[in-house]
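Shared chain: chain A. Partners: chain B in the first complex, chain C in the second.
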Partner chain A sequence: MAKVVERKPLSFLEKTYIPQIVGGLTITLKNVFRPKVTLQYPEERPPIPQGYRGIPALVKDPHGREKCVSCQLCEFVCPPKAIRITPGEIAEGSENEHVEKAPEDFEINMLRCIYCGLCQEVCPEEAIFLQGDFNSLVGTTREEFVNHKDKLYELGGTRPDEHYKWDKKKEAAEQAAAGGHH
Partner chain B sequence: MDWIDILLKVVFAFLMVMVVMTMAGYSVLAERKIASWIQGRVGPNRTALPGLSSIPVLGPMLVKMGIWQPLADGVKFLFKEDPIPGHVKKFYYVLAPMISLAPALITMVVLPFGVYYVDGQAMPLVLANVDIGILFILAVSSLGVYGIVIGGWAANSKYPFYGGIRSSAQMISYELAMGMSILPVLMWANGPAGGLGDLTLYNVVTSQQAVWLVFWMPVPAFVFLVSLFAETNRMPFDAPESETELVGGFHTEYGSFKFGLYFVAEYAHMIIGSAVFTLLFLGGWQLFPTFGILPDWVANPWAGWGWIGSVLSVLVFIGKLLFFIVFFIWVRWTLPRFRYDQIMNLGWKYLVPIALACIFIYALIIAGWDLMVAVENTPAEVVQPDGQVVTQQEDLITH
Partner chain C sequence: MSEGNAEPKLARINIDGKDYQVPDGMNLVDACESVGVEIPHYCYHSHLSVAGNCRMCLVEMGMPMRDRATGEPVLDDDGVQKIGWMPKPAIACASNAKDGTYIKTQSPLVKSCREGVMEFLLVNHPLDCPICDQAGECRLQEFSTDYGRGFSRYVEEKNVKPKRTELGPRVTLDDERCILCSRCVRFCEEIDENPVLGFIERGSHSTLTCFPGKKLDSNYSLNTVDICPVGALTSTDFRFKMRVWFLKPTKSICTESSAGVNTEVWSREGKIYRITPRRNDEVNDSWMADSGRALYHTVEAEDRMKRFRIDGQVCTLGEATLRARELIQVGTVAYVASGKLSVEEQYSLRKLVEKEPGRVTFVAHTQDGDGRLISNDATPNVRGGLVTGLIKQLPVTELEALRDKLAAGEVKTVVSLGEDLIAAGIPPEMLKKANLVYLGTHRNATSDIAKVVIPTLTVFEKSGTFINQQFRLQKFAQAVPGPAGLLPDVWILDMILAECEGAKCARPSTPQVWARMAEEVPAFAGLSYAKIPDTGVLLDGSAYAELPFPETKGWHYEPAAEPATASSKF
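Let's turn to the complex of A and B:
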């Protein structure tokens, strides 16, 4: 059923607009004295919520070992194909010899990256994170927007490790070699 | 006239242009700042001058207030590329911004902005104390619309054209109400208030010593103020520009310094308009109205203070003027734009009749006042061409 909305004719005062204009002016005047909402950006930073997907970066474990083993899963899953990994061997005699591999180079093209976070989700080594930070991404050439391995580790820093997967594996192997018990 | 007089006039004119243009520049800053405050923002607070901004406390404070922003804006406008689109009518396209600014600068010639005393005789501080003062202002300031109309037409595309058309229609509608709302003021200034019988703004100001006309004639003052908003194309009457419907209105095709000229012209017109309103209705440079009760000196307490008094009177005038500029800005960031037909309605159906009614009513009141009160006054003496001194009443009887 159609509802008839009753529209009252404007009163004389309303027709002059003046009370409404005065009302509006008071509101804007009150606004002048309210606290400002502006964030003075470079000096003040906004609070970043948990789970914010910022710039993807590689992390190291607390022992300083690079966690990426260049399995290239992230490279394959990356929808815009922003990641390119050049796998490399770990040098003999290094203290990380027991780890499978390490990337020789790891490139993330920030002009392609869509911040979807699939690389972080797929990584079996928990080596890549979209840090909860938006480091200002500035540059004048395309090359500047390609983050290489050293830049990625610099951005990523160190994260606590819950598993120490490779150390455990090494221990188990050593115990087995020493005729371990089962 | 001595050559030194001419030189002095040129220097004074130059100074006045400097002051008005600086004020126009800083009104732009005020506009941005006040807009920001009303919207809960901070406004321009980053522009710094290398040397001056490193002064310990003052420097950062000035930067925060955005004092250097107009400078940066001006330099930006100057150094931007100044393209002339291929489809415009070049001569008029270049001419229009100048036409828009020039009237504002010309009208200030007859604007008195203070008072000085020679042997106890009050004289206005003004570039040219012309008898037809207010008529001159009305005539010249409405020429400003030609800048907009020509600009809109010369740009040779549809949105600027609409802007120009709207501007001319708006100007015609509101010029009428504006002119008529001034008539009661002039009747009053030259009637009961004992004026000299001319149209100088100085005369209007001195006639307001007892009561500022905004109290005695609030309705004409209101009509004048509304017309002023329309004439300066300010919100809520900025239909010629209306960026939401007409892109940028008449200045859509303009860029860099030519746009800057339009921009400054708008503010210069605002300043002149506020100055005229202050002079006509707000007692000009007088400090307080006496209301017939207070002693006379409250209007001009600086009468005997020499040049300090003159400076103070100018400052009081500028203070009142600034209040109006802030009011203009305040209204702009409060009200939405009137629709075009509403503008026409308001102008023709309300403001013009109200102004006419005001003329009629105040004419009656002033005539009555003259009959009741003024007859007792000593009749004025008139020197006739043959040197004979005749009092006006005799004059009336003989002729």
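Let's turn to the complex of A and C:
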């Protein structure tokens, strides 16, 4: 059933619009004498609160190793399906061959991203972080809003590591190869 | 393996206080599974011998008590017969269901056993799940969510073992992940009958390896990857390609041979990543040949045809079918097909042949089978041609009759359904003079000189049915969409038929084709596409028992007639 909403006719005073104009100008005048709150972005930047969820990006560990192993859990958990990973293998003989797996390409579509932070939460390798910084997105084509692997590492930079899980693994393997107790 | 008991004796067993009826003597793990009770296990596999080394399937077991001297039942205070529980748990996989067996699968003792086993299995297991291909279908992962601690009490260093050993051309071993269940060892020994795998070293240093000088290079080696409960054995083809939780399994049939191996095709967003066997105890048990798993590569092959063409020029579907009709009606027409067509396509072709009569010849594609799951016939559906009434005789290797007719000018038009006529012995000059209509998936010498080329879909891109060497009717479903603009072969054949009749093509779905076939093909009476179970329907093939089929003895197949040698012409 369609519901009919009754609309009261305007009173005489309302029809003149004078009270509304006066009311509006009062607010304007009040604000003229208040301190300024407008920021001259991008010259001036707002303070970023703790736990701010900015643009998602990939990080490297302090030794420069790319932390992502392309397990694709973030791709799986991402609610708007903004992430797309092409998994790849680390070639034998490379410095990180013991990690075996790394993304061949990693795309985050910033037109889709809703900055929910689930990718960061789910990542078992602590490789993806939402930047605690303010990044404006500007572009003229859709393609410009898709961040690929290079761009993501550029944005993410290096983060301290608490575990060095893979370094420990490599160390253990080297010890074993050298005839350790293994 | 399955035992053909006419009347299986039933045993009454009691699981967690509930009575169930299961076949007598059935393995207890299988018996519990058949009534919906899961007993976690790693080393046990229904089609392999019992090893009993993982200890994950420990359950409490007991029997109703009887007095030793008199044989009288021992009753408790309530007058119910007492159950004599064994003092220690027993492994379910090494026990069979016998009448009066009592087991507990959820008692505190059983749970603590499982937790203990899990903790030991995880002691040296690496934290590889993010890079492990098995993640998502890993039994160790599954049971550690059920019975794992969630953290490790083990503070010592974990064992280091080789991470990427190539056991064979298609199998890569990650030894750290191995839990020494020995399923792969038993598969090679018992099913493949080619023992190449074994364990060396002792205790936690035990390592799976090939025997000296041997390789895991049998054509059945990838089955070891399927049965590996963890990610130790990985397929080199599928390694690191895609996580399994993204993949959608579609029930399909392998087209490698007339054995009709049941498969599952795993795809994501229209791209196929792997093919694995699907259990069917009447056809392939749980196994499949490695060569059949590679067939999905043809979908994205370079020589895949994607455009309709008339005389080499790209055209529309309507123009192609119109031109095909014109050529078919020029004069005498001949049809060349094979057992590569599905039952529905063969039926649709029969309809076309009834309207525009012409001789139908099937081309034989024989191969050297292995006496297991690859038969001597390289096409999946020759018997479909017989059952649908499209052909009366077996396929021929050389198209001599057609060649003579073409030379004499008696045949004006040839319609080839995916058959390379030049390879089948017809000279190209002769074909160039005739009107050649080609329907097929991939380019070949014949399609290059055809006047009309209509590209069609592979088995992964359409649904339908095949009839295998046992006369078992099995259906396959569409796994991925075909290339843009291409239509199922049945529709193409129907469109040409509609052109010939001046009618409109109805574009029937597979169930609709089946509704018509059930009325017109006697062998399909009472059947419908939906009614065909996933394991297939065995049709009566006795009418064709006299035909010299090329198949020889294989797994679950005994030839009815004397097999013809592969080289002879029928």
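Methods note: the second predicted complex is superposed on the first by the 140 of 182 C-alpha atoms of A that agree within 3 Å, B and C clash if a C-alpha of one lies under 4 Å from a C-alpha of the other, contacts with A are read in each partner's own complex, and residues count from 1 in each chain.
As a working rule, a residue touches a chain if its C-beta (ideal position, glycine included) is under 8 Å from a C-beta of that chain, and two chains touch if they have at least 3 such contacts.
On a predicted model such as this, the values are computed, not experimentally measured, just so you know.
Engineer: Report for A:Lys165: first if it touches chain B alone, second if chain C alone, otherwise both or neither.
Structural biologist: The answer is second: A:Lys165 touches chain C but not chain B.
Engineer: Counting only touches as set out at the top, which of chain B and chain C does A:His98 meet: first, second, both, neither?
Structural biologist: It touches chain C, and chain B stays clear.
Engineer: Quick check on the superposed pair: does A:Val69 touch chain B, chain C, both, or neither? Answer first, second, both or neither.
Structural biologist: second
Engineer: Look at A:Ile114 in the shared chain and tell me whether it touches chain B only, chain C only, both, or neither; answer first, second, both or neither.
Structural biologist: A:Ile114 sits against neither chain B nor chain C.
Engineer: Contact-wise, after the overlay, does A:Val37 reach chain B, chain C, both or neither (first, second, both, neither)?
Structural biologist: first
Engineer: Can A:Ile48 be said to touch chain B (first), chain C (second), both, or neither?
Structural biologist: In the superposed model, A:Ile48 contacts neither chain B nor chain C.
Engineer: Could you tell me if A:Pro87 is touching chain B, chain C, both of them or neither one (first, second, both, neither)?
Structural biologist: Only chain C; A:Pro87 stays clear of chain B.
Engineer: For the overlaid complexes, name the partner, chain B or chain C, with more touching residues on chain A.
Structural biologist: Per-residue touch count on chain A favours C.
Engineer: Do any residues of chain A touch both chain B and chain C, and if so, which are they?
Structural biologist: Touching chain B and chain C on chain A: no residues.
Engineer: Flag every residue of chain A that touches chain B in the complex, lowest number first.
Structural biologist: 21, 24-25, 27-29, 31-32, 34-38, 40
Engineer: Any idea which chain A residues touch chain C in the complex?
Structural biologist: Against chain C, chain A makes touches at 69-73, 75-76, 87-89, 92, 98-101, 124-125, 165, 169, 172-173, 175-176, 182.
Engineer: Could you please specify the touching residues of chain C with respect to chain A in the complex?
Structural biologist: Touch list, chain C to chain A: 126-127, 129-131, 135, 157-160, 163-164, 239-243, 245-246.
Engineer: Per the contact definition, I'd like the list of chain B residues that touch chain A in the complex.
Structural biologist: 34, 37-42, 330-331, 333-335
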